[in-house]
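Each structure below appears as structure tokens.
Each of the next two complexes has chain A plus one other chain: chain B in the first, chain C in the second.
Here is the complex of A and B:
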């Protein structure tokens, strides 16, 4: 069992290493810095700038969290603190059901519903013409997808706050809402951060649903209504198709490596933040 | 009982789902005295205590019928304001539950919620409350550290101070010393004796000696009913009811 455990840990290392080795041909020609900061993506001319894709990923993920987090916090608080227990019994299975829907279905929903919504009702207020295929659409679809994940973690976290602690606050004359704000949320902070971290990690890697609604233009998005091209979409759209172009294969694997490193760094940083918070609270 | 009652319970019935937990309770809790509820585990003494500040409100499947008058005002009246009622009572639970914040903020929590913003006043109040529970000298150099780092005994005194900071009239103690060591228990008991001059105190306890040491009146509760309610010495040494006799027998011998 120990061997199996070590193997599974090593697998992550091997994947990272493999990606690195396969992206070496590109890295030997160009510096990492120029690859990451260049915005020019012309594979036929051998120019590979990954900046638009990195920004596409960050935009979509950022929007998803900004949209999902307030909704999740409020619904989580409602379900765990305010809702009648019978209501809770009805709502929770629906939330779980949401997490079981395949991503491609969310993608279709995005194309049929979110994209036209943005094109016809939201975008006209800000720009003259928009297709609706945008990082905003990607963010919204992604927000709906990470919603059940965040909610279920939040409910778990809120459930660990002892009844007596809330009673202590209530018996001082605090209202339910004050108790939620000052006691429940404060006590749950490490758990809330953990939920966000997991949600972001999931959002970074989500491919198909985002790919279907994002527009996939290799340009840096400047507003939420611009198209974007996240890293996973780049890989999924092109891998196996245009590999006859020199270095293209290497470039795609380098983008996978970037994704790998972003997620790795992100997890590491959030772990440090989390342990800091926990130490400060105890 | 010469004093007018501070809490007057009239025909109170409490149900947990199908379970009839409190049966037709009527009792007058005297003002500025210590009243203890004694009785075997599960007899309903904690349930009775919790009806006094409506902590059952958020529980599932609890039904309360009857009247609880505090200062003549029915707290179960639909017009009664629950935060106002709770502010009148400081609650001390079985185990201390410090709020997830610093020692200072724990004490300042109640006053801040009720609108006190003045830093100087808060400082003064925090110091005063901590002195009142004999905790000031132990914690004055680390007011900004998390309250959970205190010992259990210190935490319980902090919780008492936190309750007193909102200037309640009544202190409710639900077996407040059951998690404490003998020394901390003694400190809490001494505090109750001091505090009885200013507050009406209602204690739930299963330690008869403690009930005797601190209380003026004792109510013996059995199976959801009040069997006997009398001054401390009378109830413990000369009980009238058969059930009470049986329960306190160990104490007398």
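Here is the complex of A and C:
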């Protein structure tokens, strides 16, 4: 039992180490700095510049957070402070069900709904021609995917704000909205930030849904309507041929390592913040 | 605020609705009872039974394996360790963190391990990788349920002279519905995930017959069919997505009902 427990704790170390060892052949030839900032992606010539993919990931993640955060904050406040408990009982199960839908189904939805929506209704206002396969499509699909995660954490965090604090504010004549603004949001700020960080790391690593709607051109996107090529999509799209080109597997596993390190750090920090909040409650 | 909430709940209906409208016309009995025939990806006869069965194998195998691995861990941190134990909180924290690691990283890691041991893409590789993926879900869900069991129950059994192993059995009995919820959640995650199996399980047009033959999976089948330029094949991708959605929704609803029943009978 002890051994199993320790192994489960060490799993993260094994993953990091395994990926690192496999990306060593590439790292021995090129410096990490040049790999991350170069834009030339020519696997056949041994040129591996990850900059376009990193920018693709950042664009998609950024859009997802910008879309999801305001909606989730408002809806979280509504569910926890304003809504009748019966309304809450209706909303929360649907949010849970949304979290269970597999990524590939989100991808199919993106192809069927979001991409045509952008192509026919949004893009024509700004550019002459667009396919709809863009970082915006990826961002919107991702936003819907991270709704459940953000809302469930927000509700948990809001739930830890003591009733007495809110009552005190209300009894001093503050309106419900003022109470939300100055008591609820202020008090739960660390939790909200932790929720955002978790959502970012979730959006960072999402693969298949994003791959299906982003267009996958290895160029740095310059507007939300440009195609992008996020890191996870790069790994997933090229796994078939990665053993046939020298160093290619090393490069792909290096991008998995980048994802792992960033997401590991983000997750660890926000989980520690969240468990502090929980402990303060008890 | 109401608009935001409606939008979020509406997102769920929009997704299920879109899949339903596009998938229903192409849904047929053949799709779920036949394996792909010749020229299936060009729009000819066949179904995705191979992928449905492959996905079920992987989800079942990995949930089972993860249960065997996680039960001792959860019991260890709840029964054998003190409440204030450092190892306990580290184990909880690390399963939280592992829960956030994306499946593509597990897939890449599984792939490197398989290369190291000289394994080919196979059902076994898929099951092992997905096990890593669902292990944190299993540990977290069961741990949360077991933690709600009153400490007095354990104290009472100790005072009657039971050993810690016997006390663990009482905890398991008390949390059986929670354990089922954990299994269903893992199953749902395992059946729907693509990125972890595309490297490790491979794909084939046949139902896997042994543990080292490549295993097709439903999400991957959807992905492949969607990439086809032929209209019929794309329509079948929508229908397959509908099948997957129905399976996963049934599992989610089952898990919810179970956990509700659990909270009803709580001591």
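Just a few scattered comments:
Going forward, the second predicted complex is superposed on the first by the 260 of 282 C-alpha atoms of A that agree within 3 Å, B and C clash if a C-alpha of one lies under 4 Å from a C-alpha of the other, contacts with A are read in each partner's own complex, and residues count from 1 in each chain.
Definition applied: a contact is a pair of C-beta atoms (placed from the backbone, for glycine too) under 8 Å apart; a residue touches a chain by one contact, two chains touch by 3 or more.
The structure presented is a predicted model; accordingly, all values stated were derived computationally and were not measured.
Chain B and chain C, once both complexes are superposed via chain A, fit side by side. Within the superposed three-chain model, A:272 lies in touch with chain C and out of touch with chain B [touch as defined at top]. Of the two partner chains, neither chain B nor chain C is touched by A:246. In the superposition on chain A, contact of A:124 is made with neither chain B nor chain C. Among chain B and chain C, the chain that touches a larger number of residues in chain A is C. By the touch criterion defined above, A:105 reaches chain C but does not reach chain B.
Judged by the touch definition given at the top, the superposed model places A:168 against chain B, while chain C stays out of reach. When both complexes are overlaid on chain A, the residue A:159 reaches neither chain B nor chain C. In the superposition on chain A, A:116 makes contact with neither chain B nor chain C. In the overlay built on the shared chain, the residue A:186 is in contact with chain B alone; chain C does not reach it. Taken over all C-alpha pairs, chain B and chain C come no nearer than 17 Å in the superposed arrangement. Chain A has no residue lying at the interface with chain B in one structure and with chain C in the other.
Contact residues of chain B toward chain A in the complex are 53, 55, 58, 60, 83-84, 86-87, 89-91, 93-95, 97, 99-101, 109-110, 113-114, 146, 148-149, 159, 162-163, 166, 172. Residues 1-2, 4-6, 8-9, 11-12, 14-15, 18-19, 21-22, 70-72, 74-75, 77-79, 82-83, 91, 93-98, 100-109, 111-113, 144, 147, 151, 198, 201-202, 204-208, 212, 232, 235-236, 239, 252-253, 256, 259-260, 263-264, 266-268, 271-272, 275 of chain A are the ones that touch chain C when the two sit in their complex. Looking at the complex, you find that chain A touches chain B at residues 85, 162, 164-176, 178, 182-183, 186-187, 280-282. Here chain C touches chain A in the complex through residues 1-5, 7-9, 11-12, 14-16, 18-19, 22, 69-70, 72-73, 75-77, 80, 87, 89-98, 100-109, 111-113, 115, 132, 135, 139, 188, 191-195, 198-199, 219, 222-223, 226, 237-238, 241, 244-245, 248-249, 251-253, 256, going by the rule given at the top.
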